[in-house]
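The structures come next, written out as structure tokens.
In the two complexes below, chain A is the common chain; its partner is chain B in one and chain C in the other.
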Partner chain A sequence: MTGSYAELFFLVFFGLAAVWFGIVVFRTHSMVRSAMALLFSQTAVGAMFLVMQTEFLGVLQLMMMATEMSIMALFMVMFMMDPGGMGAMDMSHQKRLSLRAGGIGLVAALAVSWLPDWGPAASNIPDAGRQVELLGIELLGRSMFIFESAGLTILTSMIAATMVAIAPRKKEGAA
Partner chain B sequence: MIVELSVALSVGAGLFAVGLYGALSQTNLVMIMMGIELILAAALVNLVAFWRYLHPDVISGQMFVLIVMTVMAVEMAVGFGIAVARFRSRGSVEMEEARELKG
Partner chain C sequence: MSIFYILLTLAIGAYFIAVVESWAVHGRFSLSRPAFSALALFGRESILARTPDRLFFESAPVLLLVAGLLTMAVIPLAPGLIITDLATGALFLNAALAYVLVALIMAGWGPNGGYAMIGGWRFLGQFIAYAMLIVMPITAVAMRAESLSTTLIVLSQAELWNVFYQPLGFVLFWIAAMGLAWLPPLDLPNAPGELAGGFEAEYTGARLAVLRLARMVIILALAGAIVTFYLGGWLGPWLPDWLWSVIKMLIVTTLMLTTGRLVPRVRESYFLAAGWKLGIPLALANIFLVGVIALVVDI
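Up next, the complex of A and B:
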């Protein structure tokens, strides 16, 4: 057993919260509630990062997901036929197949998690400041190409998404 | 046995299963994207847990997390771009009505 009981307790607590809110996303009829449940789920994941002493990634996850889910909630209200869920519309299909796939995925992932011997737990965790320093050196050193590729990919996807979303201009002379 | 690692990996497994169910069962494009977000969140939890409990001395583990976060952002941007285009042309983002996209 490694670490403290407090770490284990909060890991279990936020883990259960993340999975529970993940389930709520697909159980509620209200699309706004779905987006909020996903926000809470991702926030719980961010809290798990903080419990696992990765402060930088935890805060990054919280900030990114708060913005992302707010945008998602806006899109839900714009696009959905019944954003408030008052009509209790069922927007799902092939439920039995999906449940089976989810169940098989769960069993397979749990088996891979629990069966192997992962070896002894590491104890020499760098503190938060040292982690950020090491990550900065990694990003601008050995992993610079990957980091720059990620930046370029985001830029390309932003341009592509904008181009796809722009309304096509009508040709001159067209009715 | 590292109990904390097992707990974190089990949470990852749970998020993956819920996300897979959502991505396969939903008919709305935005809801399908929510399922994919949950699957990517599962990957994030696993990566951080592996880094924290097995190799905290190798910072490349955190680099992987940043790449998965990038994939999440890209998925959202492209997905919403397609959703806007689809809504403009067909007035709906229901994937049941998008059978013509099948190759």
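Up next, the complex of A and C:
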């Protein structure tokens, strides 16, 4: 353990905040509140990255999630029947399936975190500027193909999703 | 100590912006007007809309203020006069400004009112138009500085300011910054005279005062970003460093605020079309050009 107690305290604090906001996502009836709770859960994860001295990843997480979750909130309002949660509609479905899927996911996550041998914690952490540099070299070197194909996949799915979301227009004069 | 100086600059700067904005809107130049307006706002009753989303309604103005202050934290006024000189400063600036969007959506959704909600979602539309034009010009700036640190970005402009090195990026970033601060002609989320104040419509009294103050801080922080990225930050002859930063920031804010007097409000769909069909190709061209120049010329 190389970090100080303050580091540990903040790590636990933001970790608990992330989990709590994750729970709020399911507690609230309001779709917008749900989206914002998910955002603040992810923001807390970003803060955890910052505590763990991975500055670039932390800041990137803070930036990306703010926009992504806002856009998700907009889609919720557009497509859900009771976005404000004031009609007290129950919008949950497939409860048994989701319970099982959630249980399996939890077991898998715990197994991944416990079973592998993670090895010793990194002892000499490069400073933040060097981290950015190393990340850039990695992205434009060994990992270039993976990231480029991921980018292309995301772009394709974005275009496809937009195509699906646009309602077909009726022709003039059709009944 | 630098936190104190920066907060002092912010307070004075925000007051100055309020003076210039009231001059731009009402055509009267009065140094005391913002003080009286603030007093009036704090004196007034703070009305709560019926069945609001209370959590969003109360926290949105504070979140907006926090976003502005965090943006200001990575803007250097002089060597060493910066709250936190992050190695990822330019990216952090983006991250902090992204929460302006979150705050405005919350402010729009919170009060449970039609005008407010339209204002909030309009800002999301506007965001989709300007977001890439904030990020991509900054990429080109960081390419020249070979760093994301705002201090190093200023130092990289010692030979030639970025406004001359990459004028295309400067223009795009300026327009995007005006969209981000919902300044006229891009003031669609509150759209005075059309949307009854938009997301501000249901805010009164002290809450409105915080909301307005937060916006002043955001305008100032964006002027700081323009000065840092394109106008050489604190660099300049004769005068002390911090004074150069302050002078440049005030000139930029004045220009940003007075533009609205001369240009009619842009429709959302036009702004979106221009942002994506014209802005993004130009921003990509800017990145390409800066890359070529950086490889060929050594300045």
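Note that the second predicted complex is superposed on the first by the 137 of 175 C-alpha atoms of A that agree within 3 Å, B and C clash if a C-alpha of one lies under 4 Å from a C-alpha of the other, contacts with A are read in each partner's own complex, and residues count from 1 in each chain.
Assume a residue touches a chain if its C-beta (ideal position, glycine included) is under 8 Å from a C-beta of that chain, and two chains touch if they have at least 3 such contacts.
No experiment lies behind these values; they were computed from the predicted model shown.
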Chain B versus chain C as contact partner of A:30, first or second or both or neither: second
First (chain B), second (chain C), both or neither touched by A:39: second
First (chain B), second (chain C), both or neither touched by A:144: neither
First, second, both or neither for A:131, with chain B first and chain C second: both
Chain touching more of chain A, residue-wise (chain B, chain C): B
First, second, both or neither for A:62, with chain B first and chain C second: second
First, second, both or neither for A:70, with chain B first and chain C second: second
Chain B versus chain C as contact partner of A:164, first or second or both or neither: first
Chain C-contacting residues of chain A that also contact chain B: 56, 60, 71, 131
Residues on chain A engaged by chain B in the complex (per definition of touch): 1-3, 7-8, 11-12, 15-16, 18-19, 22-23, 25-26, 31, 34-35, 38, 41-42, 45, 48-49, 52-54, 56-57, 60-61, 64, 68, 71-72, 75-76, 78-81, 91-95, 97-99, 101-103, 105-106, 109-110, 112-114, 117-122, 124-126, 131, 134-135, 137-139, 142-143, 146-147, 150, 153-154, 157-158, 160-165, 167
Partner chain A, residues of chain C touching it in the complex: 51, 53, 55-56, 86-88, 91-92, 94-95, 98-99, 101-102, 105-106, 109, 112, 121, 124, 127-128, 131, 147-149
Residues of chain A that touch chain C when the two form their complex: 30, 32-33, 36, 39, 55-56, 59-60, 62-63, 66-67, 69-71, 73-74, 77, 84, 86, 127-129, 131-132
Chain A partner contacts - residues on chain B that touch it in the complex: 1-22, 24-28, 30-31, 33-35, 37-38, 41-42, 44-45, 48-49, 51-57, 59-60, 62-63, 65-67, 69-70, 72-74, 76-78, 80-85, 87-88, 92-94, 96
